[in-house]
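Please read through the structure below; I'll follow up with questions.
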Amino acid sequence: MLDSVEPYVTADGRTIGGVLMDMRGITLRFGGVEAIKNISFDIREGEIRAIIGPNGAGKSSMLNVISGFYHPQEGEVWFRGEKRAAMKPYQVARLGIARTFQNIALFEGMTVLDNIMTGRLTHMKTGMLSQALWYGRAQAEEVANREVVERIIDFLEIQAIRKTPVGRLPYGLKKRVELARALAAEPKLLLLDEPMAGMNVEEKEDMSRFILDVNDEFGTTIALIEHDMGVVMDISDRVVVMDYGRKIGDGTPDEVRGNQEVIDAYLGVAHD
Amino acid sequence: MSADFLYGIEVVINGMMAGVLYALVALGFVLIFKASGIFNFAQGVMALFAALTLVGIMEGQVPFSHLINAVFGTNIHNFGWEVPALLAILLTLVVMIVFAWAVQQFVFRHLVGQAPIILFMATIGLAYFLEGVGDLMWGSDIKTLALGLPQGGSIWVEDLTSGFGGADFYGFFIDKLDMVATVVAAVLVICLIIFAQYTKQGRAMRAVADDHQAALSVGISLNFIWVLVWSLAGLVALVAGIMWGAKSGVQFSLSLIALKALPVLMLGGFTSIPGAIVGGLIIGVGEKLFEYTIGAPFLGGATENWFAYMLALIFLVFRPQGLFGEKIIERV
Amino acid sequence: MLYREAGDFKTSYEADSQTFPIRFDRIGFWVIMAIAFGVIPFMINDYWANAIFVPFLIYAIAAIGLNILTGYCGQVSLGTGGFMAVGAYACYKLMTSFPDVSIIIHVILAGGITAVVGAAFGLPSLRIKGFYLAVATLAAQFFLIWLFNKVPWFYNYSASGQISAPERFVGGFAVTGANTAAPAKYLICLVFLTVCALIARNLTRGTIGRSWMAIRDMDIAAEIIGVNPLKAKLTAFAVSSFFIGIAGALFFAVYLGAVEVGEAFGIQKSFLVLFMVIIGGLGSIFGSFAGAAFLVLLPVALKVIGVDLLGWPTDLVAHLQLVIVGALIMFFLIKEPHGLAQLWRLTKEKLRLWPFPY
């Protein structure tokens, strides 16, 4: 059923649509090292797609290919039914792909509010001259976007730290602010690179809830990398498994769990 | 061979000799940068300060005499003795080591872990501070450094080479001082490389350069290494100060000449000793040749002021990691 | 409890993003503006104008410019002196080529020309980062000074190689030339500074300011979020150079009157403005004012104390000044990297609670 592109409804009542992003035969090399070897997979509209694999499997490189930071030597990236030309990362962002980072990449010198407002950048259009004058178009745009940002601040429950410089926040909150910044772009596809790394159980539960809520309420398609198997199996619709730059499994959590190669390469080793 | 071509060769030779001095100052930068990640803008002023101190000690000046005279209304200037050159050089070296210790103790110990650009700006502050201290200690008038180094053109080279060209060519004019400087610089560079490669302290220095944490964990004292590299940079500054000071007098412009080492570094990469040497030679030859062929005839001269920077700038646009640096793979 | 924000609630996002969100600050701002425009012009004499007010106002414009580039966008520049020279020479050429056009327009155009030159020298910033770029901007510094020295067209083939400002009027008052009255010099600089500061404030609180800061804090993440690094860096260079060019034009035309390029706009000028930004506070418009005021006042104060009061020779005081400035730079970078602006902020936070400790 999952191989067809017909929309279907999941057990918890969400609609999964057609293919949003299609990676076809991606190969990425650094000098002589092949970080990704001929990998193909797709991400469907509205689903939560996980990419898992041991350290050094090439997961983050794959995310970097999707967000346009690395350019694969071979293969094609299709987004919303069109082949994506080689693009700079900021152009990819304008297509509606936002992400968070494995090692938090917030703007430490700015307040939480400014960080999240920066996430709205792709929606802000006024020119430099009207910004220099401020009153009029620039202010109107600022206020309109501030309203969107405030909704996200409410949604992620970070109202109290709005005006705090990010550098002063604890780790867990930083992760949440980073999610807020990515959400502010109102992305079509949201990439999360280890959103729960280094969190305690409680924080992981919070983060899982936010991810599910984002997917449910905004209908955002999510692709995530995560090491915590319990979380991955719980929240994702389909899973890609990578090992040494190859794809060794792809399917629902149950299918992946039963895949012998996956067990050998990853789960077996991790749990024995 | 035509005379123009032969003069061209002379320009190249002189350029190489200037380049060796650039390389020497650049080496001072590389030493500190490799070990501590500090881009030491004050290297030029250190050369000036070292030269000033050397002259001051040799002539038996009382340090801070101006200040003392102004505060206490006295009129002292000299101790009334003269110190022999070799002893004065040693004493100056001691001063530079004390300076290295003070810099580490009072400034950079408190800046560990700061962004490189903050450290860089701190060294600009240090340059100002040291320039002021140098002037206060020894006065800001132009001084001559009389170490008894050979001066003037080398008749020997001129005679030897005058036969290469026709009647309008009189042989290569090469300053004896430049030749001495080249030899001294080359010896110093070799000594430093041997020190870095084959001694215990040298190994520790390279370990620190590679990874501060790891070096700490195997029992290397970061503080000691940093004082050591600043002292070595002080030594390099002293040698550069002597050479340049003997050539054109000890004055403020000496610290500006040392700024030439910056484009050398940009060409050679900040962490590469061979890079500093090759970069120095390229800049030295390049700017002399450019001035000789294009600058002086067509652009009104004095292009040496900016040629090195422009060359480095253009070069970096195409190869941001420098000549010998590794290609940078950016990660997120 | 003189200074407080309790009870000062905002009911709209417009009010929340204004320049002075706290009422006490707003009142203070208008009081200072009233004094600056309404009181000082009637009291100022030549000594105060030339020693303190005019250089302060001009350096404040330059410091705001450099702060946009270095403090907000994170690109360290050592080419400020060269860019000020572009402003000065552009203004000179415009003044002598089009004598009938208002000097105000010339100064603004000089800023525009400097912005173009600045953006051109900013192009390498896309490939070169950190202190590599700082050294690369030295190329601008040395090349531009050399250019204005060697190409006679720039100084109208004058025998001395200097440029000197002809007399120009604004509303019947001379603002450049030998007969300029102190209040006129002061007011024209004040007007330019006020406008520049407002523009800088508006740019830094909006979209473009946030993209600059994003590039400064983490350029790779910024690009992935959607900041076009080319646009962000080049606009920072252009806007910064625009202000610096205006400062250079005023420095030449209004303050000095006649300029020898190496002397007035040498590398020392680049350092001076950079120090103002560091001491005042990186990434703060207020800090640019504080830093400029501090480094303009310091030599005056040292001269009054050292030379006039204690009778020390001037060169000794000049050397002491180097030591003090250098030490202050290191002190601020160690103790308070955000400079005087941060000290002021901390004082305000203390004042908010005063006289209670918590």
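Per-chain numbering from 1; labels A, B and C assigned in written order.
Everything below uses one rule, namely that contacts are C-beta pairs under 8 Å (C-beta built on N, C-alpha and C of every residue); 3 or more make two chains touch, one makes a residue touch a chain.
Given the structure is predicted, the values throughout are model-derived calculations rather than measurements.
Here the chain at the heart of the shown protein, by mean C-alpha position, is C.
Summarising the inter-chain layout, the chain whose CA centre lies farthest from the centre of subunit B is A. Centre-to-centre separation of subunit A and subunit C, using mean CA positions: 42 Å. Distance between subunit A and subunit B, defined via averaged C-alpha coordinates, is recorded as 50 Å. Note on chain placement: the centre of subunit B and the centre of subunit C lie 33 Å apart, centres being C-alpha means. Looking at subunit C, one finds that residues 220-221, 224 touch two or more other chains. In subunit B, the residues that touch at least two other chains are 330, 332. Residue positions of subunit A touching 2 or more other chains, listed in rising order: 69, 101, 105.
The touching residues of subunit B, when paired with subunit C in their complex, are 39, 66-67, 70, 107, 110-111, 114, 116-118, 120-122, 124-133, 135-136, 140, 256, 259, 262-263, 265-266, 299-303, 305-306, 309-310, 312-313, 316-317, 320, 330, 332. Against subunit B, in their complex, subunit C makes its touches with residues 74, 76, 123-124, 127-132, 134-136, 138-139, 142-143, 145-146, 149-151, 220-221, 224, 267, 271, 274-275, 278, 310-313, 315-316, 319-330, 333-334, 337.
Against subunit A, in their complex, subunit C makes its touches with residues 12-14, 16-17, 199, 202-203, 205-208, 210-211, 213-214, 216-218, 220-229, 235, 239, 283.
Note for the complex: subunit A touches subunit C at residues 67-69, 88-90, 92-94, 98-99, 101, 105-110, 114, 117-119, 121-122, 124, 126, 128, 131-134, 138-139, 141-143, 146-147, 150, 181, 185.
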